[in-house]
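The first chain written gets the first letter, and so on, giving A, B and C; residue counts start at 1 in each chain.
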Amino acid sequence: MRRLIGALAIGVVAALMANTAAKADPLAEIKKKGTLIVGVKTDYPPWGTRDASGNIVGMEADMAADVAKRLGVKLELVSVVSSNRMQFLQQGKIDLMIATMSDTPERRKVVGIIDPVYYASGVAILANKKANIKSAADLKGKPVCALQGAFYNNDLQSKYTGQDLVAFKGVTEAEQALLDGRCVGFVYDDVVLVFKKANDKKFEGFDVVALPEWKPVPWGLAVKIEDLDGPWGKFMAATTKEWLASGTLLALEKKWVGNNTQWLIDASAAAKK
Amino acid sequence: MEGLWDFLRSLHDAYGINLVHFYDTFERTRLLRGMWTTIQLAATCVVLSVLIGIIGAWLQGSRFKILKGFVQGYIQFFRNTPPLVQMYFFYFALGPQMPRIENEYGIAQPMLGSFAWAVISLSFFAGAFNIEIFRSGVEAVQKATVEAADSLGFNRWQIYRLVVLPLAVRVCLPALNNNLVNLIKTTTQAYAIAVPETLYIASQIWSDRINVFEMMVTLLTFYLLLVGIFVWLMTRLERSLRVPGFGQ
Amino acid sequence: MSAGGNSNLILAPVAPPSSQGETGFLASAFTPRALGIALGLFASVALVSEAWAQLVAGGERLGILATLWKWAPLVLIGPPREFGGFALNILVSFLAMAIGTVSGLVLGLGLISKFAPVRSVSWAITQFFRNSPWLVLLFFVMLLTPFQFRIGGLTIPFPAWFKATVGLALPVMANVAEIVRGAVNSIPTGQWESAESLAFSRLQTLWRIILPQCVKRMIPPWMNWYAILTMSTPLISIVGVNDAMTLTQDALASEQRTDLLMPMYGMLLLFFFVYCYPIARWTIRLERKFAVRI
């Protein structure tokens, strides 16, 4: 028992130290320790994915690398998923999050989303040509693949398909089910679907049909909420603005996605002014 | 009924207890449909896995070494690998190899859907355990009983079906019961291959309506009830099958 | 010891622990050869798909075996500088078993307590966690516990993989409690009586006389539960932890090849088989060694 208490005490002290360390200004702290830790996705090619040696690569990984270059520090990438990315930021496990996160008012209460936002995506369906789908209205009574927890699922089912969605935990499974002919289409972020369709021969028999029923949602990168108005948040806001104005993001999008989305072209032009 | 729904709705407004899955017609119907799917899934798997157990235990008594080895390999594979990975293997790797049929939307679709694959993988999983359970029951049957039946001119399958099995079932009912309860609980894993069973629907509701806690309580109550009813039925079966002269 | 009597009410389908290792009677059919057969089977599946892939693709892509070889390290030990993969499955299984065993011991002693309220509360907890689906419990812990605890001014983080571990430990706890109860009840009443006549207190009797004898009887069913737990660890992939299952899917996502599905999932099944099969064999050996003869 005494040993247990001892171990607990050590843990408590360690946690305390970690806590006080996190309280300093992150910008100065990152420069002092010489490493920037960024949370990015690994299940979202080409924004964030793994290569065979396990390294994280992608458009957002490149953005993170650029931030590290500007600060003159080393970069460490941490894999995050939608369900833990905000917690990682709050816990101080990551200094910055660039993880395809949609900007919503609820999330703005929890983490510091940087203005301007850097990207946006709408909703679309990658539909089997044979099913002849032209709009959301054509989905009635048909099996539709989707991802669990997507914000449009409820609407999609109650207003359009009228039957249970074929929803999976990950993109891999949903895509596989689509290719196996288990659903007429896969509803997901339009930018990803356009990329897949353009880059993968196996989607030849499929079309990307936009679903304007759901408005495009901007993506924001985020810092801890208390740092949003501090030097670290201001630095990231200036960096994002510069990325847009100088065309860095357009170049990165070209490199990874292959073409430029209208949203990014417009946002970059707006930033230039 | 409307009065009850209104009351539940007022709970949400007054205390923030969000029982939307009861009072909202859309959520309620899909949750009920999910529960019905779970019941169908569980019932089918229970029956199939017991059949696999009975046949497998019979094959284990076979004289053909290859057949025995095959059953043994099946048992060891399914007992020592995770049911979730088995389900993925069946649905995503084996499923697409099935012959395809053109469905009403003109798309060539593999023959078996997610429900069928969930039934297959869960039944094989629980069946592997059932074979061993029945086998223990078969071994508990006195040799003299089998010899007596043999001398009366029964053939091997008749002896197994009419003499050995009825006795064996009674011996292994508790262990069988145990395994089948486990099977019912494992049906939740069909969630991963998008079978619209209770957990699947519940997770959709809680991510749409942000009422995780209320949904969890509902889910756990449902499964405890389901298991409770099953155990009650099995206990009745056990009692009605009791061999006179054994136990208290 | 009438204490445990009421535990076999409605929701207690589980027979005494000895019957949980239904494995025992099969011991004769168990040979190390089975492991060899499994490996051989896997190799032939891989070879057949290899040949098929070469035939279809005309050798322009990396062969199946080479691809498996390329991804195996990631699936086994996770990405560089991160802890994950099959190693994480094993770590989670160890930790969950440790937590489950310690809390299960306490709960099991609660089940045989002389104090009725303690007994009924322990009974309710045991039944609840034994009869709830693992996946639902996992979701429960993942979604309803905070990601960090604040005690006074300090914050203790509670990362996802640890939450998952706790989620898996809960059903283990309830089953260990049941094992403890069964084992204690299997010790003849005479031992309690003689200890009492030697002026041992109840606690002393339990610690010094009863429990040491129980350990042997508890080990086989306990190991059986360890195997069940290990085979449940892929469930943590559903709640977003970087385990072997998640990484297998990451690898499949990155390769984008349908012909890899069977070999990749096959490899994952093989990892578990190679780890769990020896444990099952060992459990059977111990079970036969420690079998209680009446």
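The working rule: a residue touches a chain if its C-beta (ideal position, glycine included) is under 8 Å from a C-beta of that chain, and two chains touch if they have at least 3 such contacts.
None of these values were measured; they are calculated from a predicted model.
Most remote chain with respect to subunit C, judged by CA-atom centres, is A.
Geometrically, the chain at the heart of the complex, using CA-atom means, is C. The interface carrying the most C-beta pairs in contact is the one between chains B-C.
Centre-to-centre separation of subunit B and subunit C, using mean CA positions: 20 Å. Separating the CA-averaged centres of subunit A and subunit C is a span of 34 Å.
Computed centre separation for the pair subunit A/subunit B is 38 angstrom, with centres defined by C-alpha atoms. Within subunit B, residues 92, 96, 192, 203 each touch two or more of the remaining chains. For subunit C, residues touching at least two other chains, in rising order: 238, 258, 261.
Residue positions 169, 173, 176, 179 of subunit A are each in touch with at least two other chains.
Contact residues of subunit A toward subunit C in the complex are 11-12, 15-16, 19, 42-43, 45, 49-56, 76, 78-79, 81-84, 87, 90-91, 93, 169-173, 176, 179, 200, 202. Listing the residues of subunit A that touch subunit B in their complex gives 128, 130-132, 142, 148-149, 153-154, 157-158, 164-169, 173, 176-177, 179-182, 184. On the side of subunit B, the complex with subunit C involves touching residues 68-69, 72-73, 75-77, 79-86, 88-89, 92-94, 96, 129, 132-133, 135-136, 139, 174-175, 177-178, 181, 185-189, 191-192, 199, 203, 206, 212-213, 216, 219-220, 223-224, 227-228, 231-232, 234.
For subunit B in complex with subunit A, the residues that touch the partner chain are 26, 30, 33, 92, 95-96, 100, 103, 105-110, 113-114, 192-194, 196, 200-201, 203-204, 207-208. Those residues of subunit C whose C-beta lies close enough to touch subunit A in the complex are 70-71, 73-74, 78-82, 147-148, 151, 153-157, 159-160, 238-240, 242, 249-250, 252-254, 256, 258, 261.
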